[in-house]
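Next up is a structure, given as structure tokens.
Chain naming follows the written order as A, B, C and D, and within any one chain the residues start at number 1.
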Amino acid sequence: MNTDTARQVRALRETVARLHGELTRYALVAWTAGNVSARVPGQDLMVIKPSGVDYDALTADTMVVCDLHGTVVDGDAAPSSDTAAHAYVYRAMPEVGGVVHTHSSYATAWAARGEAIPCWLTAQADEFGGEIPVGPFALIGGDDIGKGIVSTLSGHRSPAVLMRNHGVFTIGRDARAAVKAAVMCEDVARTAHLARALGQPLPMAQADISSLHDRYQNVYGQRSTGGSPGVPRRS
Amino acid sequence: MNTDTARQVRALRETVARLHGELTRYALVAWTAGNVSARVPGQDLMVIKPSGVDYDALTADTMVVCDLHGTVVDGDAAPSSDTAAHAYVYRAMPEVGGVVHTHSSYATAWAARGEAIPCWLTAQADEFGGEIPVGPFALIGGDDIGKGIVSTLSGHRSPAVLMRNHGVFTIGRDARAAVKAAVMCEDVARTAHLARALGQPLPMAQADISSLHDRYQNVYGQRSTGGSPGVPRRS
Amino acid sequence: MNTDTARQVRALRETVARLHGELTRYALVAWTAGNVSARVPGQDLMVIKPSGVDYDALTADTMVVCDLHGTVVDGDAAPSSDTAAHAYVYRAMPEVGGVVHTHSSYATAWAARGEAIPCWLTAQADEFGGEIPVGPFALIGGDDIGKGIVSTLSGHRSPAVLMRNHGVFTIGRDARAAVKAAVMCEDVARTAHLARALGQPLPMAQADISSLHDRYQNVYGQRSTGGSPGVPRRS
Amino acid sequence: MNTDTARQVRALRETVARLHGELTRYALVAWTAGNVSARVPGQDLMVIKPSGVDYDALTADTMVVCDLHGTVVDGDAAPSSDTAAHAYVYRAMPEVGGVVHTHSSYATAWAARGEAIPCWLTAQADEFGGEIPVGPFALIGGDDIGKGIVSTLSGHRSPAVLMRNHGVFTIGRDARAAVKAAVMCEDVARTAHLARALGQPLPMAQADISSLHDRYQNVYGQRSTGGSPGVPRRS
């Protein structure tokens, strides 16, 4: 690792450790069940949470650096048990710079029924560009979860996938964008749940959904922070 | 800007920044999706949240001052993407001194179904004087949202409107009153949701609703803080 | 006020101010909508929250001392708009030393349907001795709310009443016991709501409920803190 | 008590006091209704919460040391009113080093209906190895609760039991593992509740559930912290 890469890794260790605080702030995770990773730009490396460590105990130093096959390159701890899925996404989707995994309650409830979240809210149109899709059931331990994420999100506007009977994976151009997608996924999953619990929510026109998504990805936020919070689309 | 106006603007920058803390305290907002603004009394100016900035990072200095057409007059950041809606309300409703926008979950669930919240609670009678009405579906980017808010709330007792498939806008004689209406809107939306989830809530007599509303607007609170927390009625 | 009474009042001002922190800790209240009071033992006096003041701003000094008809005896602020109801309870129920009022969401949802909470939980048997009853609809401003509380709770084991379309009032031998009843009322209201939302909860035998209530009122807790947390029964 | 035992007891007093902070962090408990205990390894002793004491006031010094029949050996306060149930579990299940009791809302709602929580989530397969079972209704005060816990959990993969109309008891090889099981029990109970509220969750294959459970109990976490978070299985 040269000096520039070492400096980048150091900064990402801090960013990734700190971003886990957003998962607890929004109550997306219980105990140690959720994780954030970031790709080291221009390197076949990622920074990820150690496995089974309390969120309170996470620091830059306890983060783990792996290659994109999940082999530890730097760090004393074993990496997250979801490392293989993160690594697969980085290998298959070069535009992705951050990956997040949670079992947030409302989103995971939709995943347990195997139901995509229909787009009934402008906030969902903004961030997800339509429904939030369901991915296949897949066992942990190999590439199956990673393949399910990539096959579901490739060519899809949504940066979030509901993995069946499991939970949420989100992607972003960096770790912060992926964390934002995880926060917004639970937020719209909750509101959609509550809306449908008492009746039938009103549909939105597809043209309105697309118009909202286009505007949000290109206009929202401060110019200096780069505009679009999601993953640049490839089409 | 003369000295008096500058002093007023300074105070409102601090008030508006601080009031966003009530949105996070009551979990009315996720990530950066919600905003507060205040009219500068006697001026065609408003103070509003910058776009896409974390709530933790909001300070008096990061607030943005705009004229009532949304043009930035003072501030380094782009104003909230909802600035046009706030500005339209201030232009059309001179008695309004504060506007708040959230996607709070329970209230937005009613909005997704396009259902007004019936008045089943004395707390709703106090603050809203009856049902909380639904406004039209409107796209962001022009005056449509502002028009929908104003046409729904004009002549209505409620300081809150549920914009269809979108979220909540509230008004008040000042920013604090509008924030209070946003907090109470989610509170009664949640209780009404829970009540109807297990059966049919009991209706309240219209005369009782009116009696409660009159009393609350005129008697409640400390005399020194001005009595009525809502917008002075125009009839 | 002699020196002993002044000392008692001073201590109760601190206790009552501090106990409001339990209402916010358990999210039983929104904005300023909930209040705690304590009787000054042996005096026709009570200490109560000022009207419309933020929970963060409550201190011993801002509490208000009233006689048992709600007339202010000591304090700069107007007392809670629910003062008449608290005062009526103290006049009618000499064994009561504390009163609490909230609009906590789940309990108030039962109140909006006018349904008592059936006893499906050992925790409810412990604290409430059976169902939590519903009181009548009553307008604020006179003795109607107080009369509704007293007529419902007199001779009833429950220290909590669900006032129709309104919210919760609880009583206790002191303010802390009344606050505990308010916390437990929302807790069992939520669990009972969730239980019934997906089916029919299992009934408990009346003899088991009575046995649990007797044990809890007489055995639970540290001997030095006086045993029973509720109101001493009169039969 | 010899010096080594005294040192062990001292450490467990601190651990048990601190672990109660996880019950409040995850909102598993209201007021004082929930408790943690730990077996003193190799001794017929346990460390447990005092009865009816606020979670804020818990310190190492206020914990109570009892023998495995619930008789106080060291401590100024009366032990938890659930001490007999904890003691029975330690006597009957020598592999158990920690016991936790809560009335957490979603899990207790399943208990109120007397329904086991079906396994619809990989997180539940990981921690519980299948459904979370229901134990019998039992009155406090003797060995009935303890017997119900032991008869339900003996030979079962789940470290959690839903005691009918009552709440949750969890076991673990130490107090931390039992607390984790209590946290995860409420988490999966909530997600399962939400999933079933809007339809029928998708079943998981028994082979997949077993595969996930085996992997999680043997692979997850850091090797240095001992691997499996649950109770070592006896078959």
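Basically, a contact is a pair of C-beta atoms (placed from the backbone, for glycine too) under 8 Å apart; a residue touches a chain by one contact, two chains touch by 3 or more.
It should be emphasised that the depicted structure is a prediction, and the values quoted were computed from it without experimental measurement.
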item: Same vs different contact residues, subunit B with subunit C, by half of numbers used; value: different
item: Equivalent-chain rotation between subunit D and subunit C, CA atoms, steps of 5 degrees; value: 90
item: Mean-CA-position distance for subunit C and subunit B (Å); value: 32
item: Whole-Å separation of chain centres (CA-atom averages), subunit B against subunit D; value: 45
item: Where subunit C touches two or more other chains at once, by residue number; value: 197
item: Of all residues in subunit C, those that touch subunit D in their complex; value: 26, 120-123, 180, 183-184, 186-187, 190-192, 194-195, 197-202, 204, 208, 211-212, 215, 219-223, 225, 229
item: Complex contact set, residues of subunit A against subunit D; value: 30-31, 33, 50-53, 77-78, 81, 103, 105-106, 108-110, 112-115, 137, 139-141, 164-167, 193, 196-197
